[in-house]
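So, here's a batch of structures to check.
The same chain A turns up in both complexes below, where it pairs with chain B and then with chain C.
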Partner chain A sequence: MNSLLPLIRNECMKIIKKKRFYVILLILVVLVPMFTYAQMRSAERNREKFSSDWRLELQQQITDNENSLSSSRIPEEWKTYRRIFIQQMQYYLDHNVNPNEPSGVTFTREFLDNSISLFIPLMIMAVASDIVSGERTTGTIKMLLTRPVKRWKVLMSKLIALLMFVSLIIVSVFLVSYLISGLAFGYGGFNVPIFTGFQLSGDSVDMSAVHSVPQWEYMLMQCGLIWFVSIVVALLAFMVSVLFRSTAASIVVMMAALIAGTILTNMASAWTSAKYLFMVNLGLTNYLAGTPAPIEGMSLPFSIAVLGVWGIASIIISFAVFTKRDILN
Partner chain B sequence: MNDFKWTWRGLSLLSIAATLLLITGFIYAAQDIMYPRGASYSADVPQPTAAPAEETGELKVAAVGDSLAKGTGDNTGEGFVRRAVAGLSAGGTRTELVGNLGINGLTTAGLRDKLKEEGVQYVLRQANIILVSIGGNDLFRGAQSMLNEAEGAAAAGQDAAEGSADSRIGTGASGRSDDSASGGAPAPGDGSTGNAALKDLTPEQLLADLPGASKRLEAILTAISEINPEARIYYIGLYNPFGDLREMLIPGNQAVTSWNAAAMDIINRNTRMTLVPTLDLFNGHLDKYLSSDHFHPNSDGYQRMADRIVQAVR
Partner chain C sequence: MTAQENTDSTGTVVLSVDGVRKKIGRKWIIDNVTFDVREGEIFGFLGPNGAGKTTTIRMLVDLIRPSEGSITVCGYNVNKQPEKALQYVGSIVENPEVYSYLTGWENLQHFARMQPGVDEARIAEVARTVRLDQRIHDKVRTYSLGMRQRLGIAQALLGRPRLLILDEPTNGLDPKGIKEMREFIRRLADEGMAVFVSSHLLSEIQLLCDRVAIISRGRVLAVGGGRELVARNSPYVLWELEPHEQGVALLESREGIRLMDPAELELDDAVIANMGGGSAVTIMNDDAVPDTVAALVASGVEVRAVHKINPTLEQLFLKLTEGETIE
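What follows is the complex of A and B.
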């Protein structure tokens, strides 16, 4: 352990020196204002249309969704999704709670919901894909391995440094989006009640377990789920980074897998064994919000188990490969 | 080097704190999702906000009902509701659409249940003009399904079986859509079966459910006037969409007239309700004012209905 700590420190410094983390922050600072502006415009438009009464807006939304149910051109899965949405919105309306109360906190909550399966994993990859393969591209890996330190310790220090940055990235995504969107929507809204615990069975929603949590608590849970997903993505990207010599190749592989995941979740409900792939299980926050899972038979324990297996497998492969392989060139 | 030391310390402490926080969140979330504890949430349910009535001179329009209220068949998607709102504001009155809650295929029974929903009641309370269009689906459901079969049989000829099966599947899947067949389609043979079925159609058949449906209509109108006693309610009378079929013209007209009479009977007993007739707008001009589905009005048809409503409101 004594020899591990300086190594971790060394790795953290490398990540900072390479300015990967600043790039991530920069991306956030550029993109979040764009999302905020888009959200602001749509909020403005709705205010004009519904004279700033969210109940009218919500009821119109419910009616529009009910109308689309009667169209025979809409696929059955979408109808299920809409039926569930209608029942949830009805619940909010019946309890006089605005689910979209405009505030910086609400914006952040929605932003986190939407970024869990692609945007945040992408940020993680920016650090993770480079962490081993980068050393091989530049050739510095030889310098590292000629030191009197065991190979697994070198890899372990990299892994721990990566996991530290995963937490930092999630917290900074939260902070940046809260601070920037707060400028437009205000910084309040931490105590707005959010309903969770909708239990889906078929296309009806069991409301018996629904309970309200203040928004900050909801977001704590959300960030926890995002953290778990991010750890698994980081482990996978780490493994790919060990396996591929060039950083570009490892980024492309991970990107392809993630994008395949978003495509599959949109169309693979018929192919049920796709649920064992890690990339369709990334949307853990859906279970919190009560949105139907993309493939039948998926639940939170299931997704956590699938992601956990993938994560552990990739740790094993990374270490097995890295400690055995000859480092040529 | 000293600089490094502090960066490292800050970084490690921050990341450890962040990780602990996130782990807590994760455990909490997993627990909350897997073992949810239901708790009743008691918020103040929206109180009856009495509509700011006509003193301000501003008209607030809400619409409830079936596909006609929704505007199905209108290419522009406006329907009579938006057209009437436009007509009223063009006439110099400040008019605002509070909400259009028209749902395709809604029947009197469906609307009666809808009116119990808090959100619907809220919208109605905000209005001082309420447009109601309902009943068409109660009255014409049987006729529409027979017509579908007739069309399938006539148009498809040899492939009659397939065509009819298609239309049955289509309507069956849509469930609550306007033309939802009530099942039990007779096997289509040669093209005349459907028309023969139509020939036997009598106003009595169409009106089999009239007593029940008009009772529900009464319940609906009473419920609306209880939800918002201040508002003026305009009930849009029915027209006969099947007037262009010889077999259907007379029984259809008779049925629609009986329905409208039943509605009028209810409406006459309440001073804040008005019936807006539409039968005369369409009779004899169906080719001009009905959309291609031969059931809903087209843009011009909706415009004529909207003009009627504007006249009634002013």
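What follows is the complex of A and C.
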């Protein structure tokens, strides 16, 4: 551990000096105000439409969805989803809680929900994809591996530095979206009750375990899950970076996998063994919100287990390949 | 400290390469490489591009594991105990690859953290040694190739190595830079460091090295003193005579002189550039040159120039592989 610390310092220095992290912050600072503005406009419009009564708005949503259930043109899976949605909205209505009350905290919660399966992984890839392949592209790997340090230590220092930056990215996403959206919606909303614990069974929701938690507690759980997903994505990107010599190739491979995940989520409900793929399991926060899983048989513990296995396998492959491989060019 | 005693007792051999072979795919790309490098000597590793020089160097620093044979640095096997063996080695494999987005100083700091006993004072010292101290806090992307080369050497020297491995160190340098590099390497060797230098240029190795190993097609063809290896081959002599025809006729008539057609010879570009239209190339013994000149002068031929041309690497190889079947 003693000899690892200077190596981790090296890796952190390289990540910072490559300015990858600044690019991530820049992307956030540009995109979050855009989303905030979009959210603001839709809140304004709803206020006009329902004369600032959120109950009317919610009732309207329920009615719209109920109407669509009778249409034969809508696939059965979508109907399941809508039935569950209606039940949830009804629950909020019955308990007199506005699920869409605009506030900086609510915006952040929704933003985190929506960014877990593509946006955050993308930003992690900005750091992870070239952490090993970049050294090979520039040839500096030769300098790195001809020092009197064991190869596994070199790789371990990179992995630890990467995980530190992953954590930093999540904190940044949270802070930037809270601080910027707060300007528009106010910084309150930590104590708004959020319902969680929806148990999905078939096409109905089991409400027996539903309870309300303050929004801050909900977000803590949410961030924990996002952190776990991010670690797994980072480990996979790390492995791809070890396996591919070119940074471009490693980015393309990871992007393809992630995008395939979002496509599969929308169409693979019949192909049940797809649930063992890591990319359909990334939406862990959906379980908290009670959104139905894309493929039958998926649950929070199942998804965590699948992601865990993928993550551990990536670590094993990364280290096995990196410590044995001949550096030919 | 035990390592220190260990190497002293085994004598002055710093690097020992014994029967190393490497198979990639189905092909033996390195087939039996054996040589020793001793303290205080500059050891040349000579071979054409693609002969296996870089692969061999990569094996010396544990980037590639040999399929057979062993490589020992100061008593430690490089592949079995890399973290022990490599602390005595400073190396530049192929180009000096450094992080262009860091400053020279940050690069040196980076590599200093990877080995014990290198402090800030040492970093400043090596920066001065390679005369980069003026620009050391600039980003490396603003450096010229020569400065990057020097930064690479500074990085290699950080850990006070006993063996310095340089792969084509004069590649891409201007004549002044090449001369400085040679002087610098010589100075390091005089201080007791073993320096291993690879090159595909015979003249480079002749000017610089105490001993040479010649490699071709993955095999070491000969190991020996640089001058001996070259001297073993009868050199060409270039004549510039006036009038040309009369002189050539006289050369042809003399015993022990064979006239060559310059077009068929593989000569260094530098020689070809200086050759006038009226030049003749012969193969002959050195000792016969004064007599021949006297005879030419006596018969009224003006001798404008006479000089010896060393064989090129290709010709040396032909000589060394004579009698062997070449696939």
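Basically, the second predicted complex is superposed on the first by the 329 of 329 C-alpha atoms of A that agree within 3 Å, B and C clash if a C-alpha of one lies under 4 Å from a C-alpha of the other, contacts with A are read in each partner's own complex, and residues count from 1 in each chain.
Please note the rule applied: a residue touches a chain if its C-beta (ideal position, glycine included) is under 8 Å from a C-beta of that chain, and two chains touch if they have at least 3 such contacts.
Being a predicted model, the structure only gives us computed values, none of them experimental.
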item	value
First, second, both or neither for A:S273, with chain B first and chain C second	neither
Partner chain in contact with A:H211 - chain B first, chain C second, else both or neither	first
First, second, both or neither for A:K150, with chain B first and chain C second	second
Chain B versus chain C as contact partner of A:K142, first or second or both or neither	second
Comparing the two partners chain B and chain C, which touches a greater set of residues in chain A	B
First (chain B), second (chain C), both or neither touched by A:S42	neither
Partner chain(s) touched by A:M13 [first = chain B, second = chain C, both, neither]	both
Those residues of chain A which chain B touches in one complex and chain C touches in the other	9, 13
Chain A-facing residues of chain C, complex	24, 58, 61-65, 82-87, 89, 91, 93-95, 97-102, 106, 110-111, 113-115, 155, 159
Parts of chain A lying in touch with chain B, wherever the complex brings them together	9, 12-13, 16, 51, 53, 55-56, 58-60, 62-63, 66-67, 69-72, 90, 93-97, 163-165, 167-168, 170-171, 193, 195-197, 199, 208-213, 217, 220-228, 287-288, 300-301, 304
Touch list for chain B against partner chain A, complex	4, 7-8, 11-12, 14-16, 18-19, 21-30, 32-34, 36-39, 41, 43-46, 70, 96, 98-105, 117-120, 122-123, 126, 170-171, 173-177
Touch list for chain A against partner chain C, complex	6-7, 9-10, 13-14, 17-19, 138-140, 142-150, 326-328
